[in-house]
Every structure is written in C-alpha cells, then in structure tokens.
Amino acid sequence: MREILVEPLARVEGDGGITIRAEGKKVHEVRFDILEGTRLVETLVIGKTPEEDVSITCRICAICTLSHRYAALRGLEKALGIEVPPKVQALRSLMHLGELLESHSLHVFLLALPDFLGYPNAVAMAEKYGPEVVQALALKKFANHVMTVTSGRMIHGENPTVGGFGKYPEKDILLDIARQAQAMIPFAEKAVGLIAGLSVPDYFEDDTVFMCCEPGDDGFGLMGDRIRISDGKVVDAKEYRTLTNEKFSPHSAAKHCLYQGKPYTVGAIARCNNLGERMNGLAGKLFKKHWNKRWLRNPVFNNLAQAIEMVWALEQVSKTVDAVLQYPDDPPIVKPTRQSGEGVGSVEAPRGTLYHAYRIQDGLVAEANLIIPTGQSLEDIEKYMRKAVEILLSQGADDSAIRLQAEIIVRAFDPCISCSTHMVRFERHDPR
Amino acid sequence: MERKKLDIGLYGFTGCNGDQLVIIHSEDKLLDFFASANIRSFSLAKSDNEQTPLDIAFIEGSISSQEQVEHVQEIRQRSALLVAIGNCACYGGIQAMELGREGWDRRFQSVYGENFFEVRTPIESKPIDAFVAVDFRLPGCPIDADQFFAVYSSLIRKTKPQMPDYPVCAECRWRENECLLLKGQLCLGPLIAGGCKAVCPSHNLPCVGCFGPVEEANVSSEFALLKEKGFTVEEIRRRLRIHSGSGVLKSLKNLFGEV
Amino acid sequence: MSAAVEIQNPYLPEPYRLIRRYPLTDDVHFFQVRAVDMDRALSLKYSPGQFMMVSIPGIGEAPFSISSTPSRPGLIEFGIRRVGRITDQIFKLKENSVLGVRGPYGTGFPVDKMEGKNLVIVMGGLGAIPLRSLLQYALDNRDRFAHLALIYGARTPGDMLFRKEFLSLMDRDDIQCLLTVDKDDTGKWPGHVGLPTVLFKHLTNLNPKDTNLVVVGPPVMYKFIVAEALKLNIPKHQILMSLERRMKCGIGKCGHCIIGGYIYTCLEGPTFSYWDVTHMKGLI
Amino acid sequence: MRAVKLKKSHLKGFLTCVGGWGELWGPVKRNGRHVLESIGDIKDIDLTALRTTLPFKKLLFPPKFSMFRYDANGFQDTLSAIPKRVIFGLHACDIKALCILDEFFAKEYKDPYYYERRNRTAIIGHSCIPDDKCFCNATDNETVTEGFDLFLSDLGDFYLVWVGSSLGDDMVRECPKLIDTNVGHEDLKKYIQFQKHRSEQFKRQIDLTGMPDIVELSMDSPVWEEEGEKCLSCGACTIVCPTCPCYNVNDENDLGKPSGERMRQWDSCMFREYSLVAGGHNFREARAERLKLRFTHKLQSFVGKFGKPACTGCGRCIDTCPVGIDIFTMVKKLQGEEVRS
C-alpha cells in the first residue's frame, strides 16, 4: 500500500490534512481530512441575544470574520423584522469588500502564486518579484485597513451590530480609502495578467455545479436572498437545506454538502461562472478577456477569478464610499420590530456562500444552523483530487508530483488561507 | 550587546487562528519579527517547519481532541517557555463557554448525531493550562498586535513582560468615551483586563469581555451596579460567560464565588 | 527649527561603570559602581540614607539605597536583592559593563544633627544595606560621635550581609558591636543567638536625650525596636528609620511613593523619624 | 489687570488671528461628549462646552509619551521642539488646576516634559455657567486672576477680556481692529452682574470648611470600607481629574533590537499595582486604603501644603464614576450626611 499523508495540513480554519491511499495504479482512498477540533458553535448561541450571537459566530473564522458577522446580522435582522437604512447597507458592503480584498490578496499573492512561479513562499519570491510582493503586501494592508475602519478592528471587530453600526467612520478616513482603492487598481490589473499567464493543468477537468448568491439588480455582488445555481435555477435562500444537504463524514469535522446528490463548488469561480457576465468597468473587460469554457470544468481557475474579483472590489470601493457618504449619519441603530421570528442570512464569503439561519424566540436565539463555504466545496475538492491522483498514478507519477498536484487543487479552492502554505507532509510506505 | 537569537515556535490549536493572523497582518513589523529570532515553526506563515527544542513556544487555540492533548504535551516537553496567546489558549474561548444547561456530550450529539470521527477523538474544549503548565498568558480575542509585539520583545530579552493591571475602563477614559454603564448598558469593562485600547466602547458598544478578567475585578460591585440598571443576574452571567471560557470563570470564582 | 531645550532633564540616567560585584548571600549581591565621567564620580555628594535610580535599558528603573559612605568618595556601592524583573537583569551584569544611574535622591539621615551624640544603629535583614553607609560614615568620622553601637539581627549567620566586615568590628573598642542570629546551624557563630530586641540590655547606659537610634529592617521589626527605644526614653524625633516604597521617578512626580496624602517618600524620605510616623498615616 | 472688549461677532476673526501664534485647540462635541481637539475650522468650537471629558492636562503631559530613547550606546534625550499651542476655552476651574500643576511640576526638580510643553502653550480662558455638577464656588475657584494669557467673559454681545500676561497683551495688540480698549463703568457693571448671576446658578451646595480636620479624624470611619467595596478600581476618577499627575514608566523595546523608548503613561492610585513594591508587598492592598489616599491627598494634605484643596470643583469625577464615588459624595459622607450616590 502506498500512502501519501498530508498532515498537518496546517489548517483549514484550523487543522486539516490530505490522505491518499493507493496500491499500484488503483486508488483506494483520497481524503481531505478536516481535523479541526469541534467547537459546536451552533449550540453555543442558543439562549443568547442576537447581539451576543453576532459576537460569538464571527469568531468561527478570523479570515472571514466579517462574512460571518454579515450573514448573522442578515439572518437575525430578518427574524427580528429590522430594515436597516441604506447608509448601513452601504457601509456593510464596504466592510465586506474589505474582507474580500484581504482574503483574496493573501490567497492569490502569498499562497497560490509562489507555487506556480516555483518558489516555496512569498518571501523567496521577492527576490525576482520584489515590487510585486511589496505591492501585494500593500494591498493586503489596505484591505485590513478597510476592515479596521468599518468594523472597529482588524479581526472580530464589534462595530457592525444588530440594526446598524455602533459608530460611523470619519468622512476623511472614508475618502482616503476611496482614493487608495483607486490607486491600487493598476497593480490589481497587472496581477490579473500575471495569473492569466500561468499554465493551468487540464488533465483532471470535469463538470460540476456552481452556486452563489444572486445579488439581484442584474449586477455582480456578494450578497443576496436568493441562490443562483449553474443549472439555471434560482432558489430562495430560505431553502438552503435542500441546496446543501449537509452530511456527516467520518474524516471531517466540517460536514460535507451535496446538491441533488452531486458535489458542487462555491467561491470566486462560482460567482464568476454564474454572474461574471454582469461585471462592468475594468473588471468586466478583464473577465471577458480571460474567461473561457475551461473555467466551468477546472477549479484552478479560481485563482484567476479571485484576481478579477479584486479588480472588481477595488472599483467598487470608491462607489461604495460615495454611497456611504451620501446618507446622513442617523439613526445609527435600528431597533427590532418583533421579538420572535425566523430568518436566513446568506452572503458570499471570499471562499463561497455562507448561510446563517436562526429562529428567535422572545428575544433569544432558539435555533441556529450555520453552513460554511468550505464544507460545500469539500466533495468537489475530493472529487477533483481523486481524478487527478488516478490519472497521475496511471502515468506512473512519483509521490512528490502527486503531492504538488493535490496541493494545487486543494489550494485553488482556497479552503481557508493558510492551509495552502505547507499542506503536504510526505510519508512513504514501501509496497508490501 | 549582541544576543544569541532564540528558537521560537508558533502553534495553533482549536480556534479561529485570529491571533496568528494578527501577527501576519502586521505587515510593517513582519520582517523585523522574522529577523528577531529563529522561527522554527509557524505553520500559518511558512512551510519549512522543524520540530526542534524551543526557547519559547507561542500557542494559540484551545485543546479539543485527545490528539491535541498529546501534541501540546509534546511541545511543552521541548519548550523552555510556553506562552498562551489569545482567549482560547488562555481561557478556553467561546468553545469552552460554560452553559449551565446541558453537558458537552449532549451538545456534541446535537451537532454530529451518533456519528464518530475516524481521524480525531474530540473532547470538551479546554484552555492550555488544563493540560500543560503555562508560563505566560497574553489574552484577547484576538490579541492586540501592539501588545503582542511588546510582550514578545520582552520575552526574547528573557524578561517578564509588563501587562496592564487596569480594566478596560481606564483605556476607555483615555479615549474620552462616555461611560456606557452610566448610559445604562451592560458593559463588562470594569471586570475585563485592559490591552484592547477599549475598542468596543470607543464604537459605542459595550465591552463583551474578550480579554478575560482583570486581576482585581470587583465582581460584586459590577453585579450590584448592573442590577441597579435593571439587568437580571441571569443576563449578566450569560454575558460574562460568552468570552469567559472555563478558565475565566475559575478566576472569577476565586474572587466572587459562583458567577 | 528645534528650539534648544531649556531645562536639564533630570530623568536621563548617567552612564556608570560596574567596577566590582560579588555575592553577599545567595540572593543579595554587592555592586560597586562609578560614574564614567571621573569629574562627576569625584564630585558626587550624598549623605547616608539616600538612594539612586538604577536603569537597565529595555527593562526599567528602580530605586536602590546607597550602601557606601560619602566619606570615601568616587565609588558608589549597592547591596541588591534579586526580587524581580529589574534586579534579575542587574544580576546578569558583568564587571566593567555600563549601566544607567541617576541621583542621589531623597533625604538622608540628618548626620549634622546627629553628630556629638550617641548613635545606636539597629539593622535587620536588608536594612544593613542603607545603614552600612551610616555606620561607615560614623566610623570614618568617629571623633564626631559619642558612644557608637551596632545591633544587627539576621536569620542565620549565612543571611547576615557584610558579615566579615561587621564581625571584624567586634574586636574594636570604639564601637559596641552586637550581632545576633535567630538560629545558628554552624555552631561556630561567635555572636548572639536570639531576637535583636534582647540585645538592648547589653547597650551601654546611654543618656536617652543625647542618643539617636536608627533602625532599618523588615516591616515587622519596626514595632518591636521602636518599643525598646521608647523604653529607653529616646525621644520620638531621635528614633530614625528608612522606608521602602515603589518609585518610578525618585524626584517627587510619579506619585507611587506617596504617603499620608502628600508626603513623597522620595523627597521627604526615605528617612523619617518615629515622630513623623506617629502623625502620618500609612507610613509603616 | 488690563481689560479690553471683544465683540462676539469678532471672536472668529480674533481666534484666527491668535491662531497665528500656535496650533489652536478648543472644545468640540464628539459623539455626544465635549473633548479638547485641534481646531481645523473655528466654527467647530462649541462655546457651550462646560467640562471636556479629559482636562487640558492631556496636552501638557499626554496619557502616554516617550521620555527618551535608549540603545546599545546608552540613553539619548529626545526632548525636542513641541509645537506651540493656543488652548481656547478653559474655564476658571481648569486654570486653577493649571496653576496647581505648574507649581507641582516646578517644585524640587523641574519636569522638562511638562515645561517644554507648558512654555509653548498659550491659554485663553472662557467664562461658563455652572451646571448641576459644578461646585467651584466651594473650592474658591469661581474666578481666576492668574494662570492665563487672556480670559474672555461672555457679557451678552461682547466679551470682557482680561489680559493676564505679556503674551496675552501681544495677542490683543496684534488684532487692533477687533479689540475695543475702551472699557467703561457700564461694562464693569455688566461684568459684576454676570458674576452675580453665575454665582446664583450653582445647584450643589457643599462646604469644605475644616475638611483637613474632618479627614484627619475620619481615618477609622466605616465610610472608607463602604466605598471601597463599591470601587471598581477603574481609575476613571484620576484620569479625568485635572490635578492628578501620577504616572508609570515602561520601557518599550524596538522589535528584536537592543534599542527602544522609555515611555511614560498616566497611572492611577486606584490601580492595584500602584503601591506594589518589588517582592510583592502592597502598601494599599485594600481598595479602601486607596480611596483614603486619594481623598486625603485632595482634601487634606494638599491643603496643608499649598493652603488650598487639590480639587477645583470641576465636577468631572461626579460625571464619570459609574458607582458614584466622587469628591462631592465623599465630603458629604465624611461630614456625616446621608448621600444617595
């Protein structure tokens, strides 16, 4: 038995690994293990106030803390009959853009790119691509700044709260953010070109289904109450259970999801495949230039999708700042109109659709169900990996080649940033 | 005076990895940080990690599986100093919240049913010091970057770092905020260690307690005050327990009895 | 552009060189330092009972009583017990290294007023550090004092600071040297065994009005020694002591050493009379 | 003392003019609170501001600042030019506090950090009408005659401007078109009427007569214990107090280098660590002991030393303490009155 173990896969929101078991050219098992300790967050929020829930659930993840916060707020506000004013909506969009930029810049530049360029990490890459690395770090720093300004701190900021914001950012700071975003667009455009120039392996391509929020208004966006599926259906997010069908998998602390019994993919590539046509401006041009039908069958294009989304987000920042500033400051926080109710919040986290579903009873959380993006892509991650391993084995590839390809596939899904830096630890067992 | 660089390692257990991310997000300090010591292991930031003896191990996250217990014990064995960073490592974090309703087993079942894991043996989440000796704690959810680098600089000089001895309220006054307790809000500021720069009250939001208790919290006075403002003991306890993993409650019990 | 700074900065430590160091006991070491600037070293004036602020860059600063006597100028000596972050670092210093020192600060013992009178010096534990300064001063100016007596109580012979130095005084006839330990495991201890209070009976008959008694030791000691001194009818303002407080500046600004509402120990102390103590709350 | 007049409509022009001397600071409303801020646009100044959350002391010794740098070669003074500032809008109580601090930081060893800033700061006071928390009438701080460069009293459509220093005189002379030097009997009558009206507005009645003795004789009073049990040790009272100068010192190292800065940061006698000495003994372990220190300092010892209490009656502690331990209630309680805080 040949066994390729990738453990620790450092982390996928913590602790993960890859297990490949094969005998000769026959693949026994290809697993993406989620080894993260269980936190039982859904049970922790029971009996808590909506504000307390938000403060707890955002802490599921430090990278997509604001997506969790946003999804929770939307779910809870629906349940409580809260309509937030347009200024709050605009500022939430801004914080969400900040997070998308933070997460994508980290993944694309620091984690994915070094692999393709043949470097072990971004620091080593700096030798040849010094200015690019510096600018990538500047972009990430800017994104962190947007998160800090809108949410209160870089990670787990409490400022976005049920019904609005504790405090609106200063006008001058927002205008500066808009200015900085504009200044970063040329670099982001250059990055799209750089990534588009990388060769994407094609031997494991396969069909799948893509899902993302339908932002409505014919635009590209990161949030919506309906879910658009690549099979043409548009489903109300309230039906999320029929879309995701969570199931337990014994090697994973995160549950696996299947749509109509089949694996599906969420994230930047899903958004671009489903909605990319709607992008306008420079992002729209870049999308039209680089999109092709292989995107529908190859998850590695997710890197390029993320790069294009960064251009989109940077273009969006200044528009969103204008929208924030267009409205007066008051009222900062809208009160609930009812104390009991149900609501589902669905937003696009950087790595895909995130659902927070709540039932509130007498002002306290009575039931909660949270479905995270990585769980939804897990079946596809394993499907593509398995296919790749089967083909590579049949071609007689050695362990290191298999390891690299498995890494590229898992990393492309961006299951959660840091995992990609050093996912494979090799343990070779000689065939008996 | 040139000192020999120390060997350090950073590790993440159960949590959101926000504390390590705070370090990685400190772009301006990152190069100095990597130059300041031999960073033998930092899986979030680099790939060539080594399992060597360490002068200091920084540990994020709580312990929530049997495998993690063994791993943290192994790190302890090869580390001269072990520093818990972040609320999860120091106090257990949200996942170690005492709920007072039902046991962990039942909650585990309600999420995972009768299923069992092949790859891990989950246990109820606990802070690091439930399994190994912890030499120093840097609390926060997440940790404050400035505080981390100050503490880190002291530790690599082999001296005990200075930590704030005052509650969030002091930092809140320094920032010229209005006292939210006086506005009738359920703010935990007086009980919670400073270090966060009073970030939540500075946004008109009550302190949620994510830095854990200040050494000398006057719990009975805070309870009396909040009761006077119309909050029930149940509400106050619930709020206090959110970021107060079992570790916090242990210290508060010492001060006040049951909370 | 930048205007010249008009005021000299009293917070800035001066460079001092560590000349010698050796252990007095396991956790108390002797440190002899001298200002790097020789003019400064030789012109430095202080009186017994004063203290200096010692800085370790990157760690901090703390007050230490001067243990040497101004009658032997040039060198400053400290006895330092290893108790915390700053002293940990001081203990790592090697001879010839440079450290930051500023001062002297505080009000020392009123030696001018004490001259011509009997002097009884009572030390316990670390109290020997500041009182060695006074003792050496009195010995160097022996003719200016009438009867001179030393009482020192330590836990064991090994705990006695400056043991050899003090034992050698037992042979002298110009000082009554009464050394005692709580417990002697060595069996070779030439001095007394028992509490220092019992040694008072050995004191030469002194006219209390012409006697100053100076006591420095652990907090518990004051009560008992003062009681003995009062039994001897020594006036309260002639019973003197030196007190320990937290200090961050040494110059009456940071507030940590404040007692009784507005007494800055660093300025008006650390030496006080028992009369001060009786009417100032919280002194001991 | 010389007095001149300034029409209210000329205030903006006048402040623009004195702004040429240094950076203008004044009270503005932020988030429902008055705070002293650097003024970009003069119309942001809120003339109705009574007490700013933090007093002016934040400008003369900031909550945290670097004292000097150190590196492998020793200690380097970094005391350098501090910007010139004009602080507008201090009230009589603030200016009294300033006088107390001036004296405190000058005594024995002159504090260069304070004086480098103080010497570059001009003070333009502004009259006020007391609210329900003010009691400067009891601390004898209703009016000031020193400690300012100019002091503006609001007399309806004009200000009576006391010129308190040679710098103040220069400032007035620099804007001759805005200043009316002709102060007549009618103007003074108006001023006296204003002062009388102001005196009648105090809602808190408190008598500090004999406080030093009362404090001295109350050392064993159960009041300290009672209040100590309530105290949250948050330090808010000392942070907002215009006469509290205590600080702590910490070295902050540059990351991975032998260099760094010695930082000075506000401290509070309400904090546990304040009286803790190396080795672990705490001279004020009990909160009651810390309260005793604070109130003895403000109401007794300071009087003995300087002939006046270290409390200016500004009302900030009343406005700030979440559990109602402030100078006012403590005085009342020590005087034996029942106070509901």
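Each chain gets a letter, A, B, C and D, in the order it is written, and its residues are counted from 1.
Keep in mind that, in the parts below, a residue touches a chain if its C-beta (ideal position, glycine included) is under 8 Å from a C-beta of that chain, and two chains touch if they have at least 3 such contacts.
The structure presented is a predicted model; accordingly, all values stated were derived computationally and were not measured.
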item	value
Chain of greatest Cα-centre distance to chain D	A
Chain pair bearing the highest count of C-beta contacts	A-B
Chain whose averaged C-alpha position falls nearest the assembly-wide average	B
Where chain B and chain D are represented by their mean Cα positions, the distance between them in whole Å	37
Cα-centroid distance, chain A relative to chain B, in whole angstrom	26
Chain A and chain C: spacing of chain centres that average the CA atoms, whole Å	67
Whole-Å gap separating chain B and chain C, where each centre is the average of the chain's CA atoms	44
Two or more partner chains touched - positions in chain B	153, 157, 162, 204
Residues of chain D touching at least two other chains	31, 250, 253, 258, 260
Numbers and ranges of chain C residues touching at least 2 other chains	58-59, 84
Pairwise chain contacts under the document criterion	A-B, B-C, B-D, C-D
Residues of chain C defined as touching chain B within the complex	58-59, 84-85, 88-89
Residues of chain B that touch chain D when the two form their complex	1, 3, 29, 32-33, 35-37, 149-150, 152-154, 156-157, 162, 165-167, 169-170, 173-174, 176-179, 181-182, 189-190, 204, 215-216, 218, 220-222, 224-225
Chain B-touching residues of chain D, taken from the complex the two chains share	30-33, 35, 52-54, 63, 72, 229-236, 239-240, 250, 252-258, 260, 266, 268, 271-273, 287, 320, 322-323
Residue ranges of chain D in contact with chain C within the complex	67-68, 70-71, 74-75, 77, 79-81, 104-105, 107-113, 115-116, 119, 219, 245-251, 253, 258, 260, 262, 267, 269, 274-279, 281, 283-284, 289, 292-293, 296-297, 300-302, 304-305
Contact footprint of chain C on chain B as seen in their complex	153, 157, 159-160, 162
